[in-house]
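Written out below as structure tokens is the structure these notes cover.
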């Protein structure tokens, strides 16, 4: 019997059995799926922050399973939030109309607040500097399908670790498997925060901090690149860190053939490779990672609405 | 034979038979409905002003009946209105693509203009300081299901009566039933407008005006709270009226057990009750009211597209 | 065997056989269509610029054929473009989730860039001052159904010819048929650009330039009016040209009974006719033109996703 989630707001909610269950489901879905499974059900995507891939992959996942979607591209300005409504009231109204809600919010903790009051499942699609647990799950799924395992790996997490909610969520998941070694590569001002480091120490996960990307490329099984999140820092901070970590033709071949580059996307300038490398070199895994997002989200929607 | 509406832009269009018809339909729909009734039909929601619950409840209503939806969250900036197109031209184009249009507009009277030229049904989801007739119908439906009747009631309408289109639309409906007594509780600068008072006098509906909310609570069967609509007044006006009418633990028990609080939502600070009261005290009716919105809108869409 | 398009980004891609094929398909679709043809497929509308009719007609076309839609009303601000993502990356992610993408973009050439990298069909719904080829195809289709032919016609193209992407796309199509004579009626500062004139010379299409609209009305078979595109010029330029070309009751009857006025819409002040003329005079063809947009887009979606 796997644990059943009521809502999904942070990656710590998952245990290893449930993760394996989602991996198995996503594998099967990538082959074939019941296109009528969620017929008659409605998913609402409530997005208070910009998104392309997350919103679209959730909406596509729902439509492919036969369900319907109500969409909010710009809830910050065009929902009742602008009139001063609390997230709790919003949820207590919306839950009368739909069967599941996916929320992206600019404020950390808001999705948990929504989940706490909701009668319907609430899924976190990113909350401020908090978490992005469905991204973490698809990242882990990608690591598993690319490397054949999610343990015994050297994983370098690179870029804006202070603001990157995807790396935060991913660290919780990687800590569940034995013998992973993490290297945090970031500018001094964008270091991984203490709460995550504390969690890793508690769970006896080895980690180091590093400034120089090139030093770690040859020893990494997985290099998880992230964007410097301009919109979450001052212009001065951005100037200090932008363009600091780049993978291009000059350092790409420091990576071993069996290593993989992941990126939650969007990227700005942190990966600059010729098209033929991006298309044909197996080390470039981030578009397969985006594709995996669809299967993982289909598995999640199935869990919340059909299982 | 009930009257058949071509479009629905103001609550005066309804007569008592039609209201009873919609109540009966909504009752039935709340139990069960044909999920294929509007298959192949398309509803467009054309929203020139922010909304969560109205847009979503219409879209949910359409999807649950098996129809499809095309949505416009921010028509003010992202439709051809910004290029100077008239509402008439917009409608004459859109009616080629869809079967029904729901419009929210920032300008009073625009939805009527749309309805006048349209070949397809046009439904008013709020026009400036004008009306919000589907809200009024669901409000009346909620009063009926909570109180067992829509006549012989003391009804206090509280808050921003000058700008509140929902209370305006509701007054027209309450005036159709015998022996309702209305009390308008508002700051001096946000009094109910003369056109509505004139209508009530013509129809021999007793009404009074009051400044003090606590004075009326014990004698009210229904207290209809509304939000002070900051976005429709000057900052000075808002300072004068904000926070003036609040129901919280200190005055909530002035209400009799069989009385009900309604609110069209969103609320800001005008109802502040502990969660256990909001969840379990029957006097808190506004989330049931939101739920009723779905059934009434399903009944309306059925009337316009299937009957 | 007709040519098969992979994507559709400029009207030059069409040859006469393919145009005839789309005309025949649109004719048939206007009578009846298979409402299950694209079941299980997903179209995404990715709009970086405002639109009503184009987005809605594509979405309606997809829904009527049984497909699903994911919609983006304001991709400029609310997609990952704002975080600095390239159009190529956006497409390489989205193509994992959907079966076809319709793009409107503020920058000329961006849709071609998207089409060049995409594995799925990409349709141009307007790119900056570039092209709007599906509009051109429906314009030509309208000319054909109104006039019975697309050759041997005197066609006046009126208004903002410098910024009007629909007239640009239409010129390429008109040049494919014998003995069409084009008259470009525009202010000096908004003349048709040299690339189109060069194309017409190469294809031996007769054209002249004219300042005075009234001079050409009586000799025109088709008058294609366009809006002065305020948003694509300086305020000074706009002052010089606005209100310069107007059809109203005073000059409307210069048109012969068998002539037709087309307009891609939205219009601002360039056509000002009484409602009864707009409704009943056969010379007013622009709302039929909008309707034709639906059939042509259904034919296009069928070509890209079902044929």
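Some observations on this one:
A, B and C label the chains in the order they appear, each numbered from 1.
Operating definition for what follows: a residue touches a chain if its C-beta (ideal position, glycine included) is under 8 Å from a C-beta of that chain, and two chains touch if they have at least 3 such contacts.
It should be emphasised that the depicted structure is a prediction, and the values quoted were computed from it without experimental measurement.
Taken pairwise by the contact criterion, the protein chains are fully connected, each one touching every other. In a homomeric contact, the two copies may use the same or different surfaces; for subunit B and subunit C, under half of the interface residue numbers are shared, pointing to different surfaces. Copies subunit A and subunit B of the same sequence differ in orientation by 120 degrees, per CA superposition (steps of 5).
Subunit C has its Cα centroid 40 Å from the Cα centroid of subunit B. Across the assembly, subunit A contributes 71, 73-74 as residues in contact with two or more other chains. Contact residues on subunit A toward subunit B in their complex (touch as defined above): 40, 42, 44, 68, 70-75, 77-85, 89-90, 92-94, 96-98. Residue ranges on subunit C touching subunit B, taken from their complex, read 35, 47, 50-53, 56-57, 59-60, 63-64, 69, 71, 73-74, 227, 230-231, 265-269, 287, 290-291, 293-294.
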